[in-house]
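The same chain A turns up in both complexes below, where it pairs with chain B and then with chain C.
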Partner chain A sequence: MLLGDRLKVRYAQRHVVTGYLFVAPALAFLLLFGVFPIVFAFGISLHNWNMVTPVSEMRFAGADNYSHLILDDSLFRKSLGNTFVFTAANVLIGLGLALSVALLVNTRVKGRTFWRVVYFLPYVTSSVAVAIVWENLYHPFGLLNRLLSLGGIPSQRFLASVDQALPSIIGVSIWHGMGYLVIIFVAGLQNIPLEYYEAAKVDGAGDWSRFRHITMPLLKPTLFFVAVVSTIGSLQIFDLPFLITEGGPIDATETVVLYLYDTAFTFARMGRASAMSFILFVIILVLTIIQIRLFRERE
Partner chain B sequence: MSRKHLTRRRIIKAGALGVVATAARAGCGETQVVTETKVQEIIKEVPVEKVVTQEVVKEVVVEKEVVVEVEKEKVVEVEVETERVVTQTVEVEVEKVVTVQSRVSRAEAVNLSVLTHWGSEQSVALWHDILDEYEAAVPNARIEYQTVPGSQMLTRITTGHAAGNFPDMYHYYNLWTPDFAPTGFMAEVPTEIKSVIDENWAQSAIDGASYRGKLWGYPTESNAYLTLYNKRIFDEAGVDEPPTTWDEMLETAARTTKSSNGAIEQAGYLWFMASTSAFIHPWISYLWSNGGEYLDPGTLKLRLNEPPAVETAQMGVDMIEQGSVDLAFRPPDFMSGNVAMFVGANWRGGPLRTGFADGFENVGVGPIPAGPSGTAGVSLAYNWLWGVDSLTKNSDASWDFLEWVNSPRGPGQASPQGEFMSTRFNIIPSRLSDQEALAERLSDDFFRPFIQAIQEGSRPQPIMPGVSEVTDILHKQLQAVYFGESEPQAALDKVVEDGNAIIEERMQA
Partner chain C sequence: MTAVRVDSMRIVTLIGKYGFLALGGFLTLLPFYWMAGGSLMTTQEITSRPMDWYPHTPKWNNYEALAEAIPVARMYLNSAIVTASVLVGILFTSSLAGYGFAKFRFPGRDKLFLMVLATMMVPFFVVLIPVLYIVRTFGWVDSYMGLIVPNLVTAFGIFLMRQNMLSIPDELIDAARIDGSSEFGTYWRIVVPLVRPALGALSVITFVFTWNSFLWPLVVLRSRDLFTVPIGLNLLQQYFATEEAIPLQLAGATLSSVPVIAVFAFLQRYFVQGLALTGIKG
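Then we have the complex of A and B:
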């Protein structure tokens, strides 16, 4: 090897080492706070542990926690069902409404910025405040029942009804999260060049045709992002049922993460709770892969 | 052959490495800080509040000459020359200061930390004052005050303990004792402190802070459950007295309910089902008041499907079916004057005092009504307690602090703990001398029945392995009953079956 080549190799090696040194803190952070907890949680899911006894005294349980959850735990199955219903409604209705609002505030309406702020405000409001306000809105003496009574509709129980509690929570969640989705959609809509719409208009395309053949195809990357993020967030729903109904009445609003939280921190069954988290992880992974494939196929 | 030259870069590198190595060692806790150890005796003055003693009082009868002149005869009568000695027992309050040497002969300094769920701005300010007072009295001690919301307290304790990052002392809920005690998580109360607690605390509070015959901390706040009612609503409905039996309660609930277009506008009774403790604690009080039992303390088997328990569940159903209850109502509806009565704990006195729509003087307190199979109302009482982590290296100093904070400041005075709870939360302190010292504050019509219940008629919440899980199952099954999804007997059979399995599993663990 020529002297020049050797120098080049040495220079390149030094740069590699320097590069690793630069990323080392971030890598260490990722390993410590990202990878290690995941591996540790998986280890715990194979044990019975109450967090009070030392880690060294955890009792090995094999796949017992997983088999118990899948075969014997009716509440886990119910919480899965509630979570799927919540996710389906939250994603489909939420995305539909958010897209509609985004299309409206993206037009040249008067006070466009004001309307964007109005829709974004709930998103920056704390979940606790949202929970308190909506608890009162759903109350028998609350605003919603007052409005219903004006229309001659009898008072509804909402959060205290086994049938209405989950839809009520879904309503709050959609209202709370819509601002974020609207902003993302508006950003996506503004990336679509106006020339396409003008050309289509010249060719005689109507509003629906322009939306179907220009807006939707070009909005697909945004739609994909929003769908994936919204699905993952919905499957992990915790705060609103925890704050508003505590999973009741009769488990009507019990979600997987809420049940996981109670199992871990109220009943001190860390092994079972960790197993739940891995089952949820697999579900999210599978659904995300399906979503990716669906969007790719359409492309 | 390579030769190393002493260059400026190498010197800087070596220096830098040295600094890094020192920092790393310090970070790993390897750096040894040499301090001069000064052993100092901490002398504490503990006031003794009351000493019962015997005194002998001698009553000396003075000899008296009575001269009676009867015409010319002079008769001298001399009364009995006895010295009567009367012995009587008198109770004398003696202000006596006993000097006790601290169990700790402390070195340079002791840094302690406490964890509570009192996190509001006012609470933190009051606790900082208390800790400043202690630090002034014990100059070598420094105490850090940590706080988390009550709902996250258990999580903080367990995760902190598991991670080795835990405070020395916790203020915790007695329901967690079955998880803490058998695993050696919390330290048992030292013998000398236990004897002080045995003498000075209400028995129900001691029972509440005990598990399997051992005491696990200083009982602090005591909460009992009694019937809270709105006097204005009772007056309007022509009800003179709070109900003492279930029949009276159902009748009163029916008379005080107001409905319009099929919807309840004023509920005769409130079952608050969303919160586990706010629902289950009153329910267990009713169960006991109907002669029922939650648990067999010997076998640790649940007795929740026996006839008195089924009757208790049925009573709730009857109340709903007669139209006196709207399950969507919450305690704030009592505050706003839309509920006639419910069973609540004494801590509600604080918010009611400031926020009751009809004025606090309209809040009445009555007994827990007795059921048809019971003889008298029984109130459930639950406690929080101060405990010490078993792994702390400052065990003695921690118990010293807890002893100080739970002891009277002086003769006839309340302890800092009792003072804090009564001023901040209107909570009844567990220590009897605190109840006496704060008698004026606690003697109003609201507190008096609760104090009486705590001192005489309450029973501690049953605690056993898996109690949180069993309580959760009971709560959910009773929800199913009250929402008409299940029958009382079937639901309670399910509670017993699942609950006993959990208790057994936890016992084996």
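Then we have the complex of A and C:
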């Protein structure tokens, strides 16, 4: 072997080791706190366990946790229903509003940064602060009811009402999350080359036709991304119902992750809680795959 | 004639445009106004009819009462310690791993990176119970370690750093090596300065999310001495749930939002860039 080649081989070998060294710290943490726990959680879901007894004494339960949740647990079904309603409303209304705002902010509008900051503020505010303020706004004598009374509308019960509690939480959630969606939409809109619009203008295309034939098709990847991320996030809703209504009144705002939290940390049923987490995880994966299919078909 | 019609059309569109933005902006800001304004009101003012739009004499001692009800200074200190540690950890591990994945070739590299991407898909609630168990095994329940260590690495951070480092020319790195720079030295003096904007974006995002983090501290913490700001606020909401405590709660909410809103207002460019990156290539 030539000296140059030998040096090259040694150089390459050294690089292999250095490469491993650079990724090692992050991967070690990721394995311990990200990968191994998934396997562990699946194992727990097949057992009855309260986290206090040693792992070696976990009682094997087979698929009991899963079959109980799916067949016998009406609260789990209720929480699934609520989570789906929440997700559908949160995603559809949130996307619609955010896209409208993004389209406006992206036109020639005065104070673009100002609007962006305004719409973004809720997103950086902690859910606890958000919960405190909105609980107060929805209060029987709160600001919203007093605003309604200015318009002659009778007081609403909002969070105390079985029918209005979930829509009220959805309202808070849309307000809280819209800034992120606006930012992503604006970034997507700014990726569309201006020349396309100019060319369409020369050809005599109006506002609507430019929106339909240029903006929408080119924004589709962004729309897809936002739909998927927003669906995944919405299905995991926990903070707001936990803080504002604790799932009530009469389970009207009970969501899957809220039920999971109570099952694990109030009733110490780790097996059942883990089974719940996998059912929801599978639902998330299936919905994501369906969304990917839908967007592909329309290409 | 036509010119006049086009003009009036344009005026209508303008009014519609700014009207929509202003109405949306009003609805977006109203809760913030109420949070800050209400924190200076008496309970009577907050619930009076006809309504008071502003505190007639600002009650600054709501904030003093807040400090007596919950250990505000201690909560800020705890949040600051945890956020700073997590921030340093994430910047370091993400940039190291990002560099390894972007600029080195080693067996299994692509599969390992795929694993990183896959963990990004796993929701936190799936691993919550096992991670709590691991933390308990280490004896870190109810401690700074328990709050910090499981959060020192994020798949998103690694992904963000790798994407940014791919565009660094190999020649630059090789030139540093030929000049006798050590591997770590190359990373530290050549690579890190080149991805400073991405590190800035990652910092601001990490700051906001760690400062606001709720579920994990809720599960790990027991003693009030260690409560972070959101957990302390939650305590206030649970145990001081009387009407009289409403101004106190609003004062707490206001105080807790100040650091994140300040960071966001000054560094919003980084924040927006970072989040936009999640959309464009993700």
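Criterion: the second predicted complex is superposed on the first by the 274 of 299 C-alpha atoms of A that agree within 3 Å, B and C clash if a C-alpha of one lies under 4 Å from a C-alpha of the other, contacts with A are read in each partner's own complex, and residues count from 1 in each chain.
As a working rule, a residue touches a chain if its C-beta (ideal position, glycine included) is under 8 Å from a C-beta of that chain, and two chains touch if they have at least 3 such contacts.
If you're wondering where the values come from, they're calculated on a predicted model, not measured in any experiment.
Peer 1: Following the superposition defined at the top, how do chain B and chain C come out on chain A, clash or fit?
Peer 2: Here chain B and chain C cannot both sit on chain A without a clash.
Peer 1: May I ask you to decide whether A:265 touches chain B, chain C, both, or neither, giving the answer as first, second, both or neither?
Peer 2: It touches chain B and chain C both.
Peer 1: Please indicate which partner A:278 is in contact with in the superposed arrangement: first for chain B, second for chain C, both, or neither.
Peer 2: second
Peer 1: Is A:141 contacted by the first partner chain B, the second partner chain C, both or neither?
Peer 2: both
Peer 1: Touch test for A:162: chain B only (first), chain C only (second), both, or neither?
Peer 2: first
Peer 1: So, does A:131 touch the first partner chain B, the second partner chain C, both, or neither?
Peer 2: second
Peer 1: With both complexes superposed on chain A, which partner does A:88 reach: first (chain B), second (chain C), both or neither?
Peer 2: Neither partner.
Peer 1: In the superposed arrangement, which partner chain does A:105 touch: chain B (first), chain C (second), both, or neither?
Peer 2: In the superposition, A:105 touches chain C alone.
Peer 1: Which of the two, chain B or chain C, is in touch with more residues of chain A?
Peer 2: C
Peer 1: In the superposed arrangement, which partner chain does A:50 touch: chain B (first), chain C (second), both, or neither?
Peer 2: Once the two structures are laid over each other on A, A:50 reaches chain B alone.
Peer 1: Go through the superposed model and pick first if A:294 touches only chain B, second if only chain C, both, or neither.
Peer 2: So A:294 meets neither chain B nor chain C here.
Peer 1: Given 133-141, 169-177, 187-195 or 259-267, which part of chain C has C-alpha atoms clashing with chain B after the fit on chain A?
Peer 2: Once both complexes are placed on chain A, chain C clashes with chain B in 133-141.
Peer 1: Which parts of chain A are touched by chain B and by chain C alike?
Peer 2: Dual-contact residues (chain A): 51, 55, 139, 141, 265.
Peer 1: Which bits of chain C are touching chain A when the two form their complex?
Peer 2: Interface residues on chain C, with respect to chain A: 17-18, 20-21, 24-25, 27-32, 34-35, 38, 46-47, 49-51, 92-94, 96-97, 99-101, 104-107, 109, 112, 115-116, 119, 121-134, 136, 150, 152-153, 155, 158, 183, 187, 208, 211-212, 214-215, 219, 229-230, 233-234, 237, 246, 249-250, 252-254, 256-257, 260-261, 263-265, 268, 271-272, 275-276, 278-280, 282.
Peer 1: Write out the stretch or stretches of chain B touching chain A in their complex.
Peer 2: Chain B residues touching chain A: 154-155, 158-159, 161-162, 179-180, 183, 185, 261-264, 273-276, 326-330, 333, 338, 466, 468-469, 472, 476, 479-480, 483, 485, 509.
Peer 1: Which part of chain A faces chain C closely enough to touch in the complex?
Peer 2: Residues of chain A touching chain C: 12, 15-16, 18-23, 25-27, 29-30, 32-38, 40-41, 44, 51, 55, 97, 100-101, 104-105, 107, 109, 113, 115-122, 124-137, 139, 141-143, 146, 149, 175, 178, 180, 183-184, 186-188, 191, 222, 225-226, 229, 232, 236, 238-239, 243, 257, 260-261, 264-265, 270, 273-274, 277-278, 280-281, 284-285.
Peer 1: Would you pull the chain A residues touching chain B in the complex into a rising list?
Peer 2: Per the stated touch rule, the residues are 48, 50-53, 55, 59, 139-141, 154-155, 157-162, 245-246, 248-251, 262, 265-268.
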